Structures are given as C-alpha cells and as structure tokens.
Amino acid sequence: MKEIVIRQLAERGVELMDIAELVRELQRPYSPNLTPEVCLSMVGAVLEKREVQHSILVGIALDTMAEDGNMLEPLRSIVVEDEPLFGVDEILALGITNVYGTIGLTNFGYLDKVKPGILRVLNNHPEKVHTFLDDIVAGIAAAASARIAHNIFK
Amino acid sequence: MKEIVIRQLAERGVELMDIAELVRELQRPYSPNLTPEVCLSMVGAVLEKREVQHSILVGIALDTMAEDGNMLEPLRSIVVEDEPLFGVDEILALGITNVYGTIGLTNFGYLDKVKPGILRVLNNHPEKVHTFLDDIVAGIAAAASARIAHNIFK
Amino acid sequence: MKEIVIRQLAERGVELMDIAELVRELQRPYSPNLTPEVCLSMVGAVLEKREVQHSILVGIALDTMAEDGNMLEPLRSIVVEDEPLFGVDEILALGITNVYGTIGLTNFGYLDKVKPGILRVLNNHPEKVHTFLDDIVAGIAAAASARIAHNIFK
Amino acid sequence: MKEIVIRQLAERGVELMDIAELVRELQRPYSPNLTPEVCLSMVGAVLEKREVQHSILVGIALDTMAEDGNMLEPLRSIVVEDEPLFGVDEILALGITNVYGTIGLTNFGYLDKVKPGILRVLNNHPEKVHTFLDDIVAGIAAAASARIAHNIFK
C-alpha cells in the first residue's frame, strides 16, 4: 500500500524529498544539523500509517475528480477554486497531522499559511487542481516533524 | 445551496424526516415531549451551515464515485467494503458533528455504534455504497441534538 | 510516568481491570473470545503514550481542584455539576481516543452515552467530582479497542 | 459570563485590543482596510460563545494552579516548562479555533509558530505561567478571523 501511495503522490507532482525539505525547514530552529536523509526517513515512517495512506488516497481522488470534470456542480467549482470557506481539505489533513499527537497542529497551520517550497508550486499550478493535495503534503510534513520532536525529547 | 444538499440526500435515500427521527430518539431521555416538527426544524438549521453542506457534498461524491466504479483501486475496495480501519468517513462527519461544539460527539458515537432507524437501512443496503452517507447522517442528527441542548440550557 | 498515572487513576477509584472490562464489552460482538488479559495489555499499551498520560494528569487535576474547592467560580460550579453545555471534558478525552486514529471515536461516544461498568459508578458517585475522569476512562477504553482492531485487521 | 471571562483575561495581562491586533495582522493580506474597531467587535462575538468561555476559564485555571504551586508533580513541571511534547494546551485551544469551522486552523497554527504581538509578550514573561493562555489567545484571534472570512465570502 505504501508504494501505491508514493506512486500516486509522484504522479501528482510530489516527491518524498520535497516533503523532507519542508520538514527540514520546520525543524531548522531546533535541530540545525538535521540531514535530508533523516527527514526523508521520518516522512517514510509517516507514510507507513494506515490512516495517513487512506487520507492521501481520498484527497488525491477528490482533486483528480474535480480536475477531470467527474464531479457534480456545485462541488466541482468549490473544489477547483478552493473557495475560502471550504474547510474539508483541512479536516482531511488533520487526520494526518495528528498521527503523532496534536503537537503537529502548529506546524501544519504555519506551512498552510506561508506555503514554502513544493506547497507554493502546487498552489500556483495553472491547470492542475491541488486543493486537497497541498493540505495533505503540509499534514505529512507536520506529522514527520512531530515524530522528530518525539524522538528528540522522549 | 441548501436545496441542492437536501435534493442530493433524497436521491441517496435520506429524507430530512428520517434524520429528525434520530434526533427525537436521542433527545427522548431529556425531552420526552419533543415534537417531530421541532426536530425537523433543528435538522433544517444544521443544513444552513456552510461547512455542513460542504461535508455532505464531498461525502456523497465519494460514495457515488465508489459505487459507479469511477475510483481507482485500492481505494474503491476500501470504500465499498467500509474496511474496519478506514476512518476518513468519521473524520468527515466530525466536521458536521462539531458545528455546535463538542457536545455532539457523544451522540454521534452512539448513533454510529447502535445504528437505529435510517442508519440501519443505509448500512444494510445490498447494492448501494453508503460508507460516507451513514456517518454524515449520524453527524447531522448529533449536531441537531446539540442545538436543542443549547436552546434548552442557554 | 506510566506508574504515576496508574497510581493517580487508582487513587480516583479506577483500576486498569475496570477499563479492560469496558474494552471487552466493546469488542464482544467482533471478538467474543477476547480474554481479560489481552484487554488489560491493550489498556497498558495506551497508557504508554505520552499524550494520553498528559491528558489523564490534567483531567484528574481539574476534577480534584473542583472537588477541593481550589477553583474559582463560576468554573467550579460548572465542573461540579458537569453542566450539559460543558464540552471541555470531551475535548480532552478526544486527545486520548484518537491516539490510534479516528476509529476510536464511535466507541468513545457509545461508552459516554450508555455508561456501562465503572463509568456508571464514577458518574453516580455522591461526593466525588468525576466530570473529567469518566470521559478519560471512556477515551482510554475506546483507544484500546482501536488498537485491537488495528492488530486484527492489519 | 462574558464579563467574567474578559476580566480574567485582563487579570492575566490580555486586553481584547491585543487580540484584535492579531486579527488585524492575520487579515491584512485579504482586507488591508479593516479597522481595529471591526476586529474588536469580532473578538467580542467569539467571546459570546459558551464553549469558548469554558475553554478560557479552564485554561486560565490550569496556568494559575501551576503558577501558585497548587498542582501535583510531575504535571506542574510539565506545565511550567511547557514541555515540547505537551499538547493539551493545543487541544484546548482547538475547541476555540474551530468555533466557526476548520478554516480557523491555519491561522491558529501560524500565530502559534510566529508568536507576534501579545503572544510574544506572554511567551517571554519571566515569572508568570502562560502555557495555556498563549494558545487560547491565538485560538480566539484565529476564530475571529474565521468569522470575518465568513462575513466577507458568504
């Protein structure tokens, strides 16, 4: 299952190293010497979790449906335009973010607001629909950061 | 938008009166004289909320996609069989349940476990996929009950 | 830390076997042959989790404060009477319930509504304040059940 | 009740105008002409909500207990030092943040990470314990921002 999820992320333009970069940026103030390899292994550990895999598959299915026109109106327009009051993408991502406890919440919110790295790329794509994917990627990075915090402080 | 949501619920086999019945059952121990009309008006008030409307549209879209075969494997099988570890339906419903605060949580869990009334009908349907819909209906009933509690005790 | 948590639970009238009994009742429909020992070991595993330990300590501190009169009004009366619109106890318990994903939510709501076993004892105590403790105990039992589901279905 | 909450916030060093300032900063990119008065009235509306009032009272009670030494160890040290794995403060604040839907989540996480204005003052206080209060204030500001978004886009 993990391989399927990694493949679907790649088909939507997200490599695990892009997510590891977000983790590294989040952790820089606390662990300036964190290597990309460690960040990547934490991202990998998050993707082992069943509930994370399910949320990713559902989010990508919704983005793709909206993109291909296989979604009824008015939902399709709401998703395509990521209407400001649409919060289902954040709810779905929360199931990922919280996988190592609520300490991931802060990092998720920060990434979702500042949109560094791959998040900006996803968000500014002229054609593709990434309404769910950008929150999912932020959720994975936030959960991986929470996992690092657990390892450091436990 | 509210009309669209009510129509989509009806097309999937759920009348607002079915949900009002769940509310009445939930509230029976506290308000034995609650009329069906009051319960129905509370359900109507829940359906005014933008985040509730969005969650309903997304949940129905996912059920329908899985039903029609417009969903990639392995997600389709997971949704069709409502695999025991699949929790995205509960997450989505939580966005509805919490619309009047966390006091709706208890009622949601109870309905989702005992599955009275329309919930049993949805859950036992031999052909249709109601993986998301049954949690959504339980979420609406739980939120409407929370609203009644707010009116009584405030 | 785990020992401290177990001791505080016992001082408030909750033995781990009481919680294991709730788990056994929750799982009876799915695993009728589950032994009390297995349930107890699952409860023990939930209590290893740092966020679970924190929520328990905070909840017991709040109950005790209200009981001893070390809490300002109007909060004290709200907690002592477990006012119907008070939902902080459910929020706190949610941090426990979700420790193995959102599949624990249903069981939490069911326990909180039906209040079997130790939950009824806590809830009906004539003198002690158990506003937070009963939700915490339900949360631990729901999380332990989710852990069993993960073991069975993974 | 609202007056009690406002008074308790003031006694802990938080004026409503401090929170309104956070709202204004959050909304600057979207509504550069938002007046302090409008922000203040939105903060006031958030404080009308019963679940917000309850969360504030509980959070301040916990901070004060830890500060005054009326809290058992090891919880007291965990709260005083706001241990990195302690997430109960974020959970409690979530009950505030979500009062107008999950769209408040992003702003909460951003504020909690960047800690502008009053949040920095609270966080750097040499003697007082503000482990819960800073998350509560961020939660109120995030909810007030969500309310503005609802007014603009609805």
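Some points to look at:
As written, the chains take the letters A, B, C and D, and residue 1 is the first residue of each chain.
The working rule: a residue touches a chain if its C-beta (ideal position, glycine included) is under 8 Å from a C-beta of that chain, and two chains touch if they have at least 3 such contacts.
Quick caveat, the model's predicted, so the values are computed rather than measured.
Annotation, chain A versus chain B: rotation angle of 180 degrees from the Cα superposition, expressed as a multiple of 5. Here A-D and B-D were compared by C-beta pairs in contact; the pair with more is A-D. A straight line joining the Cα centres of chain A and chain B is 27 Å long. Taking each chain's centre as the mean of its C-alpha atoms, chain A lies 26 Å from chain D.
We define each chain's centre as the mean of its Cα atoms; on that basis chain B and chain D are separated by 31 Å.
Listed for chain C are residues 50-51, 85-87, 91, 94-95, 101-102, 150, 154, each touching two or more other chains. Residues of chain A touching chain C in their complex: 50-51, 95, 98-99, 101-102, 150, 154. Chain B makes touch with chain C in their complex at residues 83-87, 90-91, 94, 101-103, 105-114, 149-150, 152-154. The touching residues of chain A, when paired with chain B in their complex, are 1, 4, 50-51, 54-55, 57-58, 61-62, 65, 70-72, 74-75, 78, 85-88, 91-92, 94-95.
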